[in-house]
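Below you'll find a set of structures to go through.
Same chain, two partners: chain A is paired with chain B first, then with chain C.
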Partner chain A sequence: MPSAVQRVLTALLLVAAVVGLEFSFEHIIPDAAWRQLALLAMVNVIAALSLNIINGMAGQFSIGHAGFLGIGAYTGAIVAGNLHQMLGGGDTPFERSFIVMPVVILSAGLVAAVFGFVVGLPSLRLRGDYLAIVTLGFAEIFRLVIGTADTGGGTEGAINQALASLGGQQGYAGPDGTGVPQYAGPFWIFGAVTVATLVAWRLKFSGWGRTLRALREDEIASAAVGVDPTRYKVTSFVLSAAGAGIAGGLMASLRDGNPTVQPEQFSFATSFDAITMVILGGSGSVSGAVLGGVLVTFTVKMIEQLQGLDSVQALKAVYPSLDLNALRMVIYASILVGLMILRPEGLLGEREIFRRKSRVKVTGAGPAQPVPARTEAEVKAERSEEGQAGGAEAGGAGAEGAGAEGAMAKGALPEGTAIEREEQPLGKDRS
Partner chain B sequence: MMEILSALITGIAQGSMIALIALGYTMVYGILKLINFAHSEVFMMGAFIGLFAITALGGTQAPLLAGVGGTLCAMAFAGVLGVVVERVAYAPLRGRGRGLSNTRITPLVTALGMSVLLQNLAQLLFTARYRNYPQLLPIEHTRKVIFVTAVLVMIGLELFVKRTWMGKAMRAISMNAEAARLMGVKTSRVIAITFVTGSMLAALGAVLFCLDQSPVYPTAGVVIGTRAFVAAVIGGIGNITGAMLGGLLIGVIGELTKLTPYSGLQDVLVFAALIAVLLVRPTGLLGKPGTEKV
Partner chain C sequence: MKTAHPTRKPPSTALGAPLLEVHDLAVAYGGIRALKRVSLEVRCGEIVAMIGANGAGKTTTLKTIMRLLPIAAGRISYDGQDLAGVATEEVVARGVSLVPEGRAIFVNLTVRENLELGAWNHKDQRTIQETLEDVVKLFPRLGERMKQEGGTLSGGEQQMLAIGRALMARPAMLLLDEPSLGIAPRLVADIFEAVALVAASGTTILLVEQNTRLALKYSTRAYVLRTGEIAMSGSSKELANNEEIRAAYLGG
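Take a look at the complex of A and B:
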């Protein structure tokens, strides 16, 4: 376990690295497009990390993450735009970002968290797929309401006018229409990613995270040992939404990025990308979410780059009607489907890349956690967790495979109501 | 008043067609507990094939032959496509991936992946151009044909699921796949047939839909697919009568919104209705937790 001095040193090192990036970033990556991509990848990582809380740890299934991202982006854009104007407009110097960005991050996170609370509340009543559909519905409603605000209906009424001022389909470009000020440079983006990763990591291995996973494995058993499912589920939703909101806020004021916030940026495709990042990296794994976020962002870009190849251009010359963008999406989707079939658990499964050095403390606190060690499967699952926590990663992985089998049958659906028992056999169907 | 009445009639025609597509979602969900996101693309592909077949068979010169032949072609193609999607994207995951907590989520990702794949494949093959169906029937007859066909198909499907051996096998799988397999039901084949049936219904709905008024284009599946999906959920996903009811509801809501100045908010209302229904009845209007579902 690192001493206090080590911790302070690590923290200082991280801060120094992030500040260093702010000033040297343009020298490290000279190409503006790649620079923007790197920043975008980091924002995506935050989005993936936040979605990982609901989808990976809590075992709920949200397919409307774009809604929270969008709410954060719009809030962030409005706050940043107005604050920028109050400060006199003009350039976006680094010093001033210390006034604007904290407000943007806080407000975007808070507003999204409020919505997360509202959307999370139905999770008390709805099970698995239905909850997923409600989240999808919420995201779609958000996008459609903003997208059609300036076209549908009259412009009377305060709400209508407020919505119409967001620019409808064209997008919101600051209060005076000159674009959202782009304060979020490398310092803020990389800083936020670092903080988000650390928070997600601590959450996963905290008592809260363990409780959440216990709830995912078997809700009834967890409730029986004193876990309040309602509280944990709603908090996971609120936390996840707050994270997504922050990612959205950063996205809105991303340097070198798009200076307008458009509703189409937050369509179902965005939610899909976020889910892909989490699942591809390995749901429930923090390092998996980071990996997934970076991989997905860069894969999309890589395939885009392929379009510039001579052979592709020659093909285009032969078939003028060839839609390269569609071709790109076909390739992307094929890769995704193929990867999912070859490795359904994602690249990492629920494991982490790095060994945890400070495990002793967590393990020591372990028995106090309300982990429902009732059935054989859960005993195995717990053993695998301890095996992992003990530092033997390889051994832990083997045990996890065995333990997780039980986890699949139970944890596939968090709310263990009678009907969900029915589909246990289907998972084992090898036909 | 007349406006409302005519909107109601259009809404019912629209709704019964949406219901046809919703059935595909409902049947697959009933058996596999999987939201088949690629279903809307099967619908779109069916519409394209229907258009080509109808044009090839003579279009307006021989409306009856072209209409019936084109529909059958589209249905056959969609049936094959449905099975291909199932075999490529879902079947490999069914045997594998056991012992994972995200077994339910992984097929959803491949389903979404297939949807994106098919949509862009259509864009690649057919280009993003909007194409209109030839006017085979006068518009007022089209509505009647849609409604009558939809009702007949629903009755046929209900009989198929309730009275035939295959239907019984489907219900058995939806109750307990393992036990059904032990009793000699070939689960893999029954699942394939479920996909064929659902996809054929989607193709039928697609041809009817496009005959009515709509152009066909690669992203056509998204709008209608979403509505059909919502209809299936509102009715209680897994429940055939529920899909019909949900479809009618969505169709009527959609047409009635067009009368108000807020026509752009049609889909917002559809989703709001969905959330409202789910909050009051968490398993949809007709869905009962614990009942058999196909």
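Take a look at the complex of A and C:
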């Protein structure tokens, strides 16, 4: 069982690692383009992790993740831009990011969560694929509203003016148009990825995650045991939207990134990429989402790099009509099709990298002893006698932690418990 | 002889008084009436069977009692309270559990996880643990398979798991939908014996079953459902000797 000291040490180590990255990142990856790609990959990982909650764990199909990324990005950009101006503008020093980034992350996550609730509540009350349709529509409406706000006759009215101030197709580049301040360096990006992964992991292996798995398998059976499906689906969707919002907020402030937030960044292709990451890594797998996020980001880049190869250029010289850009998408699609044929459940399936089985043993009891069937009446009579004696027994077994075990089992599992229990099945039955 | 349990109040209904009352219930899928007019009552402590051919509306009745289907007309009351406008999870919380048709266990979850999900409404770990032990005593085979995934069990074991999962909620009333469906005959007997034990402990049971012989053997009273209506009802002994029943459901 990880002691408090161990946990604090792990946390400190992680903090030290991300602080170290903040200052050594330029030495580790000297090429700015690759640096940007690495950070972008991490943001994509957060997007994939958040989509995995609703698509993988809850088994509801959302295909409008870009909408929530966009809401987060615009919210983050507006907050960061204005805060930066209030703080005097100029450079974006690391110390100041501690004022700006928490506000950016919180507001981006919160606004996206609110939209997630509004979109999710009506569509998740129904069984079936309504969520897919609604999320797709929502993401497109978001993109088009922002993109067309400054065109036509519509600069009347407060809402329209506010929307038009976001720059339409040209994009939003801070309140003064000089670009969104880029506070999100390696510290924030890698820190956020670490936290997001831990949160997703804990969610998956909690009672909550187990309920989601049950819900995904059989909604009616879950309802029959007393689960409120709507509540669980909506909560997952809101969490998923909040995660996407945070990813969007980070994307907007990404160091070495694009200093303007444009509606076209949040087209259907972005939603599709996020779905690809989740499915490629393995629906429902946390490590799969991380893997998928990194792989998809880098695969796209790798294929781009292929275009620069001498042999490819020579080929292009021979066949001038060869469209390398189109070819890139063909290669990308072929890789995906190939993977789906070889591993239809994704790279990891629902499994995780660090454990053999994706499950958690919740109670501390050992294997149950087969007992000849007796009447429940007998059993009940016994139990009522045991009533008080049982309490004393549990106290006696306290050394084995049976009591504490029981108390924590249902709700929040302490960090690392899942792994710990795997290798060390705790104490036998109480007797 | 009653379901004494620390976390859920036993029904206030006295033994032998009506616990579940269904009055003139009608249910429609889209435009099609699945139930036209069904009235039945289950008294506290009874095993009541509902028999009838495929499509007679047996499953529909159970699902509607669980509030998984909307009521088109009529009334359902449990333990003296109307179930109209009550959500499924609240029906479970009030003490009614359903063992769905075709078992509907969670195949990718372990036996233990399946059972623990059944105790959804109970937060006290000791209670859950004790209930789990009781269920294992009832179905020792489940105890041997705690860590296996539900999908790896045989049909009969899956049915035991489905019943065990429903019992984990400590229901005062258990609704069983076709427990013998697709199960080896030897296990069917085991399962019905277990159901009888559950009933003997004071749990009221409403049993839907196509195997009329079994249903009439284990129940005290029975209703015959035909195209969405109650065609006949009476004590199971009477019905088992009824000429019409013998000809239609017992094969002569």
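Criterion: the second predicted complex is superposed on the first by the 348 of 431 C-alpha atoms of A that agree within 3 Å, B and C clash if a C-alpha of one lies under 4 Å from a C-alpha of the other, contacts with A are read in each partner's own complex, and residues count from 1 in each chain.
Here is the rule we use: a residue touches a chain if its C-beta (ideal position, glycine included) is under 8 Å from a C-beta of that chain, and two chains touch if they have at least 3 such contacts.
On a predicted model such as this, the values are computed, not experimentally measured, just so you know.
Comparing chain B with chain C, more residues of chain A are touched by B. By the touch criterion stated above, A:Ala214 is placed in contact with chain C alone, chain B being left untouched.
In the superposition on chain A, contact of A:Gly226 is made with chain C only, not with chain B.
Of the two partner chains, chain B is the only one touched by A:Ile133; chain C is not. In the superposed model, A:Ala4 makes contact with neither chain B nor chain C. Of the two partner chains placed around the shared chain by superposition, neither chain B nor chain C is touched by A:Ala314. Residues common to the contacts of chain A with chain B and with chain C across the two structures: 217, 350, 405-407, 430. Only residues 29, 32-33, 35, 88-89, 92-106, 108-110, 112-114, 116-117, 119-121, 123-124, 127-128, 173-179, 181, 186-188, 218, 226, 230, 233, 237, 261-265, 267-268, 271-272, 274-275, 278-279, 282-283, 289-290 of chain B touch chain A when the two sit together in their complex.
Within the complex, the chain A residues that touch chain C are 210-211, 213-214, 217-218, 220-228, 350, 359, 361-363, 365, 367-377, 379-380, 383-384, 390, 394, 405-407, 409-410, 430.
By the touch rule above, chain C contacts chain A in their complex via residues 1, 3-4, 66, 68, 87-89, 92-93, 97-98, 100, 104-110, 112-113, 116-118, 120-121, 123, 125-126, 128-130, 132-134, 136-144, 146-147, 165-166, 168-169, 193-194, 197-198, 200-203. Interface residues of chain A facing chain B in the complex, by the touch rule stated above, are 55-56, 59, 61, 63, 122, 125-130, 132-134, 137-138, 140-141, 144-145, 148, 151-154, 216-217, 269, 272, 275-276, 279, 283-284, 321-323, 325-330, 332-334, 336-337, 340-341, 344-346, 349-350, 401-402, 404-408, 411-413, 417-419, 422-431.
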